[in-house]
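Take this structure, written in structure tokens, and hold onto it; I'll ask about it next.
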Amino acid sequence: MDLGFFAQYLINGLVQGITYALVAVGFTLFFGVLDVIKFSHGDVLMLGAFTALALFLGLDRLSTPTWLSLTIMLCLGTLTMALLGALLCKFLVLPLKESPPLNTLLITLMFGSVIRESVRLFFPNGSNPKPFPALLPETSINWGNLNLRLDSVILIFTGALAIVLTHLFIQKTRMGLAIRAVAQDEETARLMGINFTKTVLMTFALGSGLAALSGISTGLYYQEINFSMGLMLGVIGFSAAVVGGLGSIYGAIVGGLLFAFLQTLGAIWFSVPAYKDVFAFTVIIMLMAWRPTGLLADRSAERV
Amino acid sequence: MRPVVLKTVELTVSFGGLKALNCLDFELCEGQFLGLIGPNGSGKTTFFNALTGIYSPASGNVFLYGEKITGASPNKVYDYGITRTFQRSRLATPLSVLDNLIIGNQRNLNFGLWQNIFDRKRFKAELKKQTEIAEALLSRFSRDLAALLFKPVSSLSMIDRRRVEVCRALISEPKILLLDEPSAGMTPDETRALMDELQDWRKQHPLLATILIEHEMELINKVSDTCVVLNYGEKIAEGRYSDVATKTSVRAAYLGED
Amino acid sequence: MAANRLVGRSFCGTRLITMSDLKTKLEILLGVALCVVVLYGFLYLEHEWEIGLLLVILPLAILFLKRANILSDYQQAARTIPRFTLISFIVGVLVLIVLLRDEHFALLMLTTVLLYVTVSLGLTIQFGFAGLVNFAAIAFFGIGAYSMAVLNYHFHALPDLLIILFSGLTSALLGALLILPILRTKGHYAALITIAFGILLRTFLEVNDVFGGPQGLKVGAIEILGWNFSDSFPSVLGGGSFYMAYAIMALLLAAIAYLLTRLIEASWFGLNMDSVRLDEVASASFGINIPRWKITAFMLGNFFAGLAGAIYAAMSGFIAPASFNFSDSLLLVSIVLLGGIGNAVAVIPAALLIVVLPEKFQVIQEYRLLLFGIVVILILRFRPSGLMPRGLRQYFPRSST
């Protein structure tokens, strides 16, 4: 194949892959501290994108400059979702800590459905796809068959930066240390005087903020969002996290990129575009069956 | 000497860098009552888990009547006639006491589709038999408990749950019984009653070999034929309790000296 | 002594029809009659205020019955003669169908409820007994529906009952594709795998011309012994809407599914499935073959869903991918959770509420997913065992003494 085409696929795949990785990092964080799956993650992502859109529509009336709008959208969108994540954790996830893990999964799944329906019903004309403003510079370089869009580069860079910062936060700060301690062993962490609830809420806020970020990136990249976009992105992000190895940030990155890679491969091989997802999921589910604990996480036995 | 029923050779289990069991050589004879002791985290429970197929050993072998069963799945191990209790109780709490006991008697249940779903008369007869067995077994341990046969386990006291767990392990009349701190949380009197019943059961089943993990040394002294001491996954002593207890290495392990 | 309690009175000597027996039976019949009247009102009434009134009176009545211990006495009575109770309820619903014979829409709703009950019973086995989450219930329902459409078209010579059976089997067999990954992975992953399966199946149907693409397929009506179900009900039998035949068929299916679910629960099968759900480590340590029970539960549940889907397809005469949405799978799971996980009876009132309420209230129709989502969240948060929690396993009818 032509090198330009190849590079083009690579860039597009990278944008996708980073978005998935952002979602997957959230799943990995939640699972790390609390051993729960938060299924509403994808819908939080969607709500983040819609919040940003609403902010933009408001700011547009005040004719705010683009860079300022973008900053406000990013900051407020992320913060609101972080808050929502923490609230969800406090009122729906933590109270169910002692009940079967399935209940947490169900309650967050239902919460996701509530978010989805609320956007569909209460956002003006919410059941239709919404145009998302193109706020990033639209310049692009043509280089043979490669059309390198500046916004792609910015998105890849931002996503990677967010993941690196998250990683640093977890490795280098006190809060990050607390998160790791809780993930390792809740009892011991409590005994060491770590504020368990605060740590868990912080983790949920962090993960949900990242989801909002990836929602906004998706909006900026495709310039369109809709109320059901979170479902698929959530399922993909979860698969990515599982395949990489739940609980490992590197795993989430690897999983996210792998999924995007498989989709790209599927898009090249199959003439019907819808098959690229069928293909990617089939491979991913086969990988899951082969390596149930993921490609990167170590295989630890359940303590009996 | 009675024949060896269970034997491990250089059994090793590791979690990441930690060797929870390190090259353990171990033998258990028919009818023997063996006490397994050692400080917290010394690998006692891990040993049970490795025997019953819950953890897979990194190296070494397990032999049952001379036949290699290393890495056999838990179901297989049960089929060989090894049953156990768990240190942290693992009963099906929403189910009745009867249900829990019948679960323990898998080996003797008929799982034919015809009998279970269509020929309910025969199923009823089997149920009646299982109920009688369960009731008889429970009432050996506690008359009051036998009256709670149709109550959910969640309504039982911790002590009764322990008893139910022991009964669940006994109901299939195993050849080897593994007890992981069965008397945790019981008063000395209750413990004594439980042990008396166990001894009674052993009299009727003289071939049953038992391994008991226990922190109460008095008890080990009283009931065990021999005992094995573990420390950091290694066997540091073996023999009659009175001999073992005086060993300096054992005292050091318990007092945390090196 | 305990064994005696279990096996009940048939072991206590000859069975005489005593006065108390008769009284119990009359009580059951009275209950059935009451249910039929309430259901008739629920399905027949059209004005929102009428239904609203019914919905205000009904909970109050239930509360009263509960307070006066009539409800628990009734349950007690039903437990002593379950077979009689089941037959009475089946006859009751038949009477209801006859009463509603000219009401197309009411019959359509009733049939849908019965089909949803069947699918929910499948979920009860999978999720309530064996602990396997399945968020693709509607996909398996859809597989049944599409199999019906395709098989009916290509093998018209085959008897339709056989085709329905094949449709159920197709659903179970396609579900078997998921078994390996589900068995190899832990609880939450089954959720992921089934969700992905549901979404992908829909995509697959949409892009595939063999299955009619987004426009869907037409489905031939069921024909049994020359009687075409799409004709109106034979006048020899009193005549009525063509939905009557489908309603009766769905009733039979739901009744069989219910009986089977109950028998499974009251046998070693149900016991082992419960054990697998509650503690896999302990189960395996006592010789329970975990894959065997998970596979049994999964295939059987999907089989139920496939059968229901086949009847649904024939009844609607037309199917399209858009009728098999992820949100419908969520509704089905909601039915199980709302009723009480693992309680086979509870899915019936739950299915009634979830299917019929939105049809009666325009407001609810639009907001139904939101509303049910909130309701299920509240249930999980404050009453996780559902409105009618499952009781202890009862292997045989309890003796009346």
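Assorted remarks:
To keep things simple, chains are lettered A, B and C as they appear, and every chain counts its residues starting from 1.
Methods note: contacts are C-beta pairs under 8 Å (C-beta built on N, C-alpha and C of every residue); 3 or more make two chains touch, one makes a residue touch a chain.
The structure displayed is predicted, hence computed values, not measured ones.
Taken together, the touching pairs cover every possible pairing of the chains.
Counted by C-beta pairs in contact, the busier of A-C and A-B is A-C.
The centroid of the Cα atoms in chain B and the matching centroid in chain C are 42 Å apart. Chain centres here are Cα means. That of chain A falls 36 Å from that of chain C.
Distance between chain centres (mean CA atoms), chain A to chain B: 46 Å. In chain C, the residues that reach two or more other chains under the touch definition are 281. In chain A, the residues touching two or more other chains are 304. In chain B, the positions touching at least two other chains are 54, 86. If you check the complex, the residues on chain B that touch chain A are 15-16, 45, 49, 54-55, 86. For chain C in complex with chain B, the touching residues are 1-3, 5-7, 260, 263-264, 267-269, 271-272, 274-275, 278-279, 281-289, 392-393, 395-396. Chain C contributes residues 131, 133, 135, 180-181, 184-189, 191-193, 195-196, 199-200, 203-204, 206-207, 281, 326-327, 330, 333-334, 337, 366-367, 369-370, 373-374, 376-377, 380-381, 384 to its touches with chain A in the complex. On chain A, the positions that touch chain B within their shared complex are 298, 300-301, 304. By the touch criterion stated above, chain B contacts chain C in their complex at residues 52-54, 73-75, 77-79, 83-84, 86, 90-96, 98-99, 102-104, 106-107, 109-111, 116-117, 120, 123-124, 127-128, 131-132, 135, 146, 149-150, 152, 168, 172.
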